[in-house]
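Below: a set of structures, written as structure tokens.
Shared chain: subunit A. Partners: subunit B in the first complex, subunit C in the second.
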Partner chain A sequence: MEELSRWVREAGRFIRRCCCGEEEENEEEKGRREEEEEEEEVKMEELSFRKSRSSTSLPPAESDAYQFSSSPSGSQPHWFQTLQVRRFRVQRGRSNSDPLRGNSQPDEFTWKSGLRFGTENSYLSLEKLGEGAYASVYKGISRINGQLVALKVIRMKTEEGVPFTAIREASLLKGLKHANVVLLHDIIHTRESLTLVFEYVQTDLAQYLTQHPGGLHSHNVRIFMFQLLRGLCYIHSRRILHRDLKPQNLLISYLGELKLADFGLARSKSIPSQTFSSEVVTLWYRPPDVLLGSTDYSTALDMWGAGCVFVEMLQGAPAFPGVSDVFEQLQKIWTVVGVPSENSWPGVSQLPNYKPDWFLHSEPKQLRSVWKRLNQLPYKTEDLVQRMLTVRPADRISALDSLKHPYFSTLPPPIMHLRDTVSIFRVPGVVLETEVRDICNPGRKVRPSLLPAAKCW
Partner chain B sequence: MMKHTSSWCQTPPSVTVRVKPNSARSLQIRRGLRMKRANGQDAQGPPQKSQSGRRREEMHYPKMSLPPTIVIQRQEMASYFRLFADDLILDFLWMDCCCKMTDKYLLAMTFVYFKRAHFTLAEFTRRNFFIALYLANTMEEDEEENKYEIFPWALGKNWRKQFPRFLKQRDKLWTRIEYRAAVSRRCCEEVMAIVPSHFVWQRERLEHHSGAQRQYGDRDQAKMPRGPTASPLLCALCNRTARLDQGPDFSSSSSGGSSGQAPHPLPPHPFTSTLGLEKTPPRATASHKKVTATKRQAQHSSCCCAEKVPRDKSSGSLHDPSMDWIGKE
Partner chain C sequence: MEGPSSRSSHTQDRPPCPPGRRASCDGAESDHARDTKTHFRVCRFIMETGVKLEMRSVPVATACVLYHHFFERVSIRSYEPYLVAMSCLYLAGKVEEQHLRTRDIINVSHRYFNSGSAPLECDKEFWDVRDSVVQCELLILRQLNFQVSFEHPHKYLLHYLPSVKSLVNRHAWSRAPVAETSWALLRDCYHGAMCIRHTPQHIAIATLYLALNSYGVELPVGEKEWWQVLCEDVTKADIDAVISDLLQLYDMEAKCI
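Up next, the complex of A and B:
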């Protein structure tokens, strides 16, 4: 460590020299030269990397440290590749802990390196995390402050410019600052691509569910649900609909912080009478009113999806899975909640896809008879699920009301009065329990990923 | 134009409207505040406005805690309204009689983008209007195809070749507004409240054109933009509906004189009968509209000032040609 920090001090000096005389302008971030020479680039690379590692105050043998090796490879033509990432992680996910999260110091720490936000060379891309329809996501590191980031690189088709999903996602996220909404750090717009720089979060609920099959610890379900609803409550209060809730889009940090992500389908519903798409939300998580072709939907749309996620966490399997079209999906839902009628849902027969003769008759069932896990839990759990999976959107519980539901009364009371940006894990006593089942560590009771975390944070 | 400019000079020098920050997004608020400039600086013309604006933001960012405002200079509002005296834009609005891409909220957003982009008055152009309007449609409308109609109006006959460049310009505008394309309803309403009776703020979209209306999208299979040379399609849903009601509404909201002669600046019914025509409406009509629009602006400038309370003394004296209108989330 000694040696490392000395090295870093030197590095700092080197960088100050590199960006000669620009220190005064650091604040304003103006008049930066655009490009630096390639050679310098490479050096800076290493520096920033080492610096970032040192700033974590992690012991060298710490979980995080083995994630990267800083040996630059001469054979790689592009500077992005100068850092090699060794991929011997056992679990993708929470083992590669973010060095700066949860630490009290790092936020104050900034480099005097002259790098600025909004430019490509301020970030170093480490490894590809995923590939989507119009974007690739990379794990990266900020050369400005050493934080780990997720870089969502959106390729631009020459004809279409920036996809509207990206315009919406970035525009909406720019205005959202909440502990349970993924944080958009920066936007880099070049001719060929648009890169959204997000905070790095280790895993997502889908992976977490895979890793811990058969349903999650009921305490953890409560903690995740509280955060999901807290995030929804926040965006709904700003009249933003997420419109694509599903486990894949709920990020989970090593601590168990849950964050809403992927706002590509999200939109603001602040302005009245704009046009809406009915092609929203992955089929399994789409509410019955939208499936029935309702022309108007609002925040209740996301609440249905949240209810589905709730069941999925308890059961370890999706609530209404395995279908490929709207009518099958409706039928799946009706087998649990019963086919709605004009009595139970005034106006339902007016909806375009309401075809009572197409639906097999079914009566509403007790949820605990459908989802067995509810049998083992106090009644209030089932009650909240019931209120979220209410077919008529007007009767569905809101995010705000669901946070006040008795289901959450066992959580420490201060959790209800946090500022938007404060994580619930700041409240004493809020910790994730160890999941009973873990496919990566079948024989162990304690998730190894939490051990170093407990030491450091 | 001279006439109404001079009448505006007599208005109270400045107005500050504070908006409660609760519904607003904090980032926008802070930035908004910083858009307020000393008038001296404004008079010199704003070189690199967006740059200087950003610089100031960064410096004050952590300290700002005042409620959100944006300062709207009177010339800016006037310049924006002047766009609606442009024959092509008027025809474009008239063609969109269902307000599918030019309803009042989208038009208010367009203005908010002009502000966020720190456009100089010289940049209040037809082209920028179409670009910003397209961006507003991109943000707000899930029905993607309606906005393509903007291409032929903005780009002319060759729009098929030129639209990629147009989209690049939209992206550029998006960058210039610092990627903040989300505009709240409240913000739109504050903008409209400045001259509430202006004809563009009467452009309400009817309910049957909102919501998730995929069903009747196939009514018109070939959804190619029609452009200025073709007549608008008859809208079966709107055909002779609520438009008529807007006439009386409009004249009652505007104070005094002009109400009597107020032919609706976008008169849909005289033309709905001529929908079969292949040509755009004659120019004469357009210029007639222009006159009314201008008059109306002049008139409302004073009434809008009267109902607002001057509070911000820093904005200058009575001779100050600017007036701060503030409306922002």
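Up next, the complex of A and C:
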């Protein structure tokens, strides 16, 4: 442990040297490039160091290390002590991502004024949360203000550079600030990796559904649905499509706040609809028009996904699950809503995958006969589901209209007039109910907040 | 490969340059004018390369906007503009979902600078160039703060054209290639930084206005001007500003060749 802290101090000194050097030579244009590289190398060294630590159990090690640090100051949380590299003088010109720029709550206590956004060592990663196709996600803590963060470390391939999903996610999320959209705090880049720093959210809807099988409390479904639609309404008004809605991408905080996440497939949509690539959206949540090969989809795409999530929360099981191929998926949908024809959906026969002979005939069914839970709930629930799972995209309800649907009329009225960044739980009377399963097993009553979050995306 | 080469090319002692890049340096002109010319040529390179790579109009436009935003922030003397241009093309492909391979960009660019020569071998020089393109992409992302989604005038123009068409006499419309001309004018806007100084709506209106005027196509006079109907916040002064910028670009074209 002693070695560890010494190493860190060494590294700190080294970095300080490099950075001061940078200051002196700042004006020299010729040297600029080389210097940048040198500095990045340092940061990378540090990163690999950090990673190797994060794989072991970190907090106890940290508190041990604390004992060796020489200058403890009372107000600081102990485990930051040893990793402090004193770089107060260093002005980093390249912190190009300061989410709180300017209007950072000045009254809030900051732990270390020397640390800046956009730098590697402003964050400490604690444990690995998950591994994706192009990124690993770590739980971390910000050494700037002590907030928990999720660090999405994106590996960069030398051939292809920055993955396009990362570019899209970063460029779209930078402009979004809403209580129901995951907040991108910061972006850190080194030569070999790119780290997106998000607010830390405890769990996601997929996990929440697993923890509470058999369908959620109808009151909670309403609260989650309202937030989901509120988030969608916001991004759609910014002309952004999510394109990949599914429970795994809906984060849930311990309070019950729902946040849209994973914008890797999201993109800005333009007004006169343009053709996009049709390989988007997980099959289960994909609307029939896209399955039929339509590429001029728009916001209605996300509304279908939201409708599927709605049913899944009520039923405890996916609405149209378990198939691998587009035609099977379409058949699943047709058995509920009926095979569309030119009469019910003008233009449908023009879509590339529309092959009526392949589809088994089926008539539209009452949704309450397909999803039994709807039977136990007031009619307006079924009505909203119906409007969201409308086959013809032009007839599908919009996010804005769905928020005004009578289904939500039981929520306190002020909820409709919140500012974008205010959570609905600020409205008095809005609370999550205890899920049935928790009542049945009072012995092991679990709050989502207390459960270990294996995956937070 | 002469133009965009690896990082070592940033030292000053390096012999220039792609054809024409220095050709018209007559000493007397100001730095600013020279830089504008360089940007003009590099943008032409972006567009030509884009066409050869079969990119659609919007990704090419995005590449140009990326390029202009980048050099809005840094001096052209710090970075090799043609390398930046190659990375802009690459990045634009990712942003607009028309993915390009670095290999193709490098080959096409190589041919641009050394016409008639064989493609680069897969040797160290090639890998160096590729690494530079990829590194430069990240540099652009940093400089632009990852703000790389742009709104372009193209969709507005597409939107305005049918409206204007419906107002114009059918025969007059068929005689004058207004749609083609305004589209061409729009594409030409990207040679200069004017594409980031004006709003997309204003650019679309102005190119349409210029195209209509050039062919003497007349629109019926009503309570409001036609452009006020299409776009609420545009003024005659805005249109004139865009057109004046555009004409300056054409003026520059004459000087650059």
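Just so we're on the same page, the second predicted complex is superposed on the first by the 323 of 457 C-alpha atoms of A that agree within 3 Å, B and C clash if a C-alpha of one lies under 4 Å from a C-alpha of the other, contacts with A are read in each partner's own complex, and residues count from 1 in each chain.
Methods note: a contact is a pair of C-beta atoms (placed from the backbone, for glycine too) under 8 Å apart; a residue touches a chain by one contact, two chains touch by 3 or more.
Just so it is clear, the model here is predicted, and its values are computed rather than measured.
Chemist: Counting residues of subunit A in contact, which comes out ahead: subunit B or subunit C?
Modeler: B
Chemist: Return first, second, both or neither, reflecting whether A:P352 touches subunit B, subunit C, both chains, or no partner chain.
Modeler: After superposing on A, A:P352 lies in contact with subunit B but is clear of subunit C.
Chemist: Kindly classify A:H219 by the partners it touches after superposition: subunit B alone (first), subunit C alone (second), both, or neither?
Modeler: Neither subunit B nor subunit C is touched by A:H219.
Chemist: First (subunit B), second (subunit C), both or neither: which does A:R238 touch?
Modeler: first
Chemist: Identify the partner contact of A:H189: answer first if only subunit B is touched, second if only subunit C is, both if each is, neither if none is.
Modeler: both
Chemist: Going by the contact rule set out at the top, does A:R392 touch subunit B (first), subunit C (second), both, or neither?
Modeler: It touches nothing on subunit B or subunit C.
Chemist: Looking at subunit A, which of its residues have contacts with both subunit B and subunit C?
Modeler: Touching subunit B in the first complex and subunit C in the second, residues 29-30, 158-162, 164, 167-168, 170-172, 174-175, 187, 189, 267-268, 270-272, 274, 276-277 of subunit A appear in both lists.
Chemist: Can you tell me which positions in subunit A touch subunit C when the two form their complex?
Modeler: It is residues 29-30, 32-33, 94, 96-97, 156, 158-162, 164, 167-168, 170-172, 174-175, 187, 189, 191, 194, 267-268, 270-272, 274, 276-277 of subunit A that touch subunit C.
Chemist: Going by the contact rule at the top, pick out the subunit B residues touching subunit A in the complex.
Modeler: Per the stated touch rule, the residues are 23, 25-28, 51, 55, 58-59, 100, 103, 105, 109, 135, 138-144, 146, 163-164, 167-168, 170-171, 174-175, 178-186, 188, 204-207, 209-215.
Chemist: Which of the residues in subunit C end up touching subunit A in this complex?
Modeler: 7, 10-12, 75, 77-78, 90-91, 94-95, 97, 99, 102, 130-131, 133-135, 137-138, 141-143, 145-149, 151, 155, 158-159
Chemist: Can you tell me which positions in subunit A touch subunit B when the two form their complex?
Modeler: 27-30, 158-162, 164, 167-168, 170-172, 174-177, 187, 189, 237-239, 267-268, 270-279, 290, 293-297, 352
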